[in-house]
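These notes are about the structure you will find just below.
Order as written gives the chain letters A, B, C and D; numbering starts at 1 within each chain.
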């Protein structure tokens, strides 16, 4: 697909997404929009997808493993919640979250990537648990296990985003910018280098690609996406405590990206959609839904390690051949 | 001083359990590049096999324990090898990580849903007597845990170093390609490591459950600690995993007593980061070449 | 393309669109911990509530309307709990039951207050009812009610001058720890050890050594049931011979079952228990066990009385109006004579805190024995 | 003629095994040096030591008189040294043209400039020239993984020249290539040597290919040089057989 077509497709998707929750009955279209809960879930999906895009950059493009994306989300969320309480405007909090996560990513990745392939996974594992312990135990700053309550929704150009749909549009706009930025990176020579170092780091290195530096950049950028997603998560939920930023949720981020299709552009969106909407779909099975999910993931891995996007691509290819 | 000794004994006893789990971790990693994220659940589950045998089928304890070990070797060894790992071999580490992660969820949820959502007491073979001497109080059960797990480790070491099959397994672990050229039945050796891993996990489960109770969520912490122990000791050496397990067990107790109970989990992890910075091959691990 | 199709399919399947048909039934959603760390408590709360709803419906419902009770899982995560409450509120409910975890309640109480829908919850942390919500109601003692009783007992019953506190570092344990430390300070009792433990912790050797080293007159143990059991076993092993004092979770049947004779001699305050010396409660416990093939703890009772609270309040105001029901519940006293489902007479004050009798008990020969019945705070 | 590459007394041992035992040689501008020897004679280990994939146990490597022992492959590459591998090493999910652009992009401009600059990092025309030179133009937009083995080998070799490297080390360029392709490959390599004054070191088993391509040969056995000279001299050397 040419660049222009990609951009056009992106804009159409964006417009459709913007319309999903909106009540169009006033415009004469018999479409009532979503309930508040539906809008909330849709917003949560976007926030999750932003973090998952970061994981995809690290896992799917740079071929590393990160077990700390939820911790980066936590960094962004706490920074935004706490700084926000002290009157720092949301814009600063949001950019600050990204920058802090980026710097922490560099600090973690630099020593880990000196060594061998899986050491980044080990270091992020340790970091993930350590960050969670700090969130829990430094109650003076983070509110400890009782969390931080009543986090305000941002005010943009004097416009309050209390309304669920308005906040959704705000998050959608940010998600669109971040998606475009990632797309741009992946289209640039950087993206080519990322793909190369995932497919064959040895050959890439011999062609002058500084594998260590590019891996580090991918990790730090991916982590920054986590931080920025966290910065949106805090005002969305209006309450944060340490539990969504523990090791378990970090593992689920990896799971979600691989299930969606790691190394594909839309994989994180699909994976995040499954993770956020799955409990809704399988509500009828209540107690069994996690078991169903687990078995489905294992079967998917065995048959289609390319994830859901890979699965769809497989079938569309098949059909077009017939 | 007595406090310190008391802490050391308690730490070594739990450390021995971590070592059992960590050994399995390194064995699987070496022979099949499997990072088993369900390792903690592998230690959680066998106790429930025994409980099911006892409570549902009224089988006496010793037989139930043997059955639990056998069931683990079948399900967590052979079935795991062929149904979960088999289809994913040679596709890199990531699909296996994801699949074992899903497996851990499945195991936890199944036990919670079909057996028990609460902690269950678990009978012990060794009487839960406490001996006091010189201000120390040590329970026989705890000593038994230490002795049995060290015996299991000793037996494994003897098997790996002293028997033909054991040496073949080591060859497979170090370099499957070369081992295959040398005529080692690599496939069978890989299966053996899975069976040994399952057996060690079952032993750990039976030893730890009388003291820590059997619960579906027990694997979460255990798996993490076994993972940390394996890395600290050296991911490519069995004796590294043993040292790592014991060290992390002791360190956890000392940290809780002398540093901070709130940050006790942090100490082994900080050790982990330091190891990666200064001795990436682990305490007892082999140094690996910059790969070609 | 794909992602949009998937999202749309998902949203449609989950019934998230506006304008879903309103049912004739009364909507009473539960937002509870069915998975994650709080699964055991949440499931019991659900079972208890489901039992009550079934009974009420069998007798004709509330004001002639049947109750539709549907539970949404919070996965023990406050963020998900918030989403679940949002979803429940979209259904125009008469009230919401849950959550049980204080953190999840804290994350959601503003939503129910904004929507003016009563929230009957299981959380026990002190600050929950201090936020000024007019729509939050407890089903058990808040820690600000139970901790003074324990502090009094430590001062008058044990005559302790110093206390070691062992707590689990979660919303429940930390809240209790903060309350008891405050109460002890007010009574000039020194806290000589303050030991934080993890939920799910297996090895208590180091914690017991710390407590022993503190050499306090008494030890206050505020852990969940299974960790209580592990702690008691380790304490017995190391010969910790100080009085071990706790709350409902230390003296529960589950603890006794798991800790064996290590639980003997443990004393404490019991807010709500299926072992209460009240025939109605014990009968209820038998009924629960017959229905769900497992024993309930206090969470089952908490869940059970919640629908009855709504029923009595709705019948009092004579209409199915959430706002009026909440207003009626403030200052209301419900007696078993008036509604047998309430089990024990209870009163709710203006903040939504519950008041009823409670007990002092201890474990003797593997059984919980109630030694004293404490009257209501404001009889 | 000056020596581009000087290899002095390189040694490498794995545990107790000495794979390379003190190898020294020079490579001069414009020549094609062949390294031959039986399997296990240490050829690939020697290559890996020269190119930084392995750290030699002893000895030194210099490029243009500068000591580069122990530099990482990417650093060496930016000094104008590139290589191919014994096993096929292209990026199967990138297109043929993308493979070539990748091979050159790290030598162009700054890293930040590459993020915001042109998608092809200004290498489009050069890539097209290279495609043309290696007769791959028709396949430019195919995924590299879908090419035939011989075509991939050509691409593999072409990538080594994209960076404008002056010294290229080819590890078995003819391995597995069918005889029809082989002539083309040899002819292209000879042409690029002639036209661009590129200098090669070639490891090869196919004696016919080596004899026809190389200007000088060294023979390795058990980690040591046992013979050296022009193809004809080596052919006549009794030690080689």
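Miscellaneous remarks
As a convention for this text, a contact is a pair of C-beta atoms (placed from the backbone, for glycine too) under 8 Å apart; a residue touches a chain by one contact, two chains touch by 3 or more.
Because the structure is predicted, anything quoted here is derived from the model rather than measured.
Under the contact definition, subunit A and subunit C share the contacting chains B. For subunit B, the chain with the farthest CA centroid is D. Between B-C and A-B, more C-beta contact pairs join the chains of A-B. Centrality by Cα centroid goes to chain A. Computed centre separation for the pair subunit B/subunit D is 47 angstrom, with centres defined by C-alpha atoms. Measuring from the averaged C-alpha position of subunit B to that of subunit C gives a distance of 36 Å. Taking each chain's centre as the mean of its C-alpha atoms, subunit A lies 33 Å from subunit B. A straight line joining the Cα centres of subunit C and subunit D is 72 Å long. Contact of a single residue of subunit D with at least two other chains is seen at positions 53. The set of subunit C residues that touch two or more partner chains comprises 35, 169, 196. Multi-chain contact residues of subunit A (touching two or more other chains): 136-137, 202, 287, 290.
Across the complex, subunit A is touched by residues 35, 37, 84, 87-88, 91, 93-95, 97-99, 101-103, 105-106, 109-110, 113, 220, 224, 227-228, 231, 262-263, 265-266, 269-270, 272-273, 276-277, 280, 288, 291-292 of subunit B. Note for the complex: subunit C touches subunit B at residues 35, 37, 39-40, 43, 169, 195-198, 200-203, 205-207, 209-210, 213, 225-226, 229-230, 233, 236-239, 254, 257-258, 260, 294. On the subunit D side of its complex with subunit A, the touching residues are 51, 53, 72-74, 77-78, 82-83, 85, 89-94, 98, 101-103, 105-107, 111, 114-117, 119-121, 159, 162-163. Those residues of subunit C that touch subunit A in the complex are listed here as 1-4, 6-8, 10-11, 13-14, 16-20, 34-35, 71-73, 75-79, 82-83, 86-87, 89-90, 102-103, 106-107, 110, 125, 127, 169-171, 174-175, 196.
Residues 13, 16-17, 20, 23, 32-38, 40-42, 44-45, 136-137, 139, 144-147, 149-150, 233, 237-241, 243-244, 266, 269-270, 273-274, 277, 279-281, 283, 286-287, 290, 309, 312 of subunit A are the ones touching subunit C in the complex.
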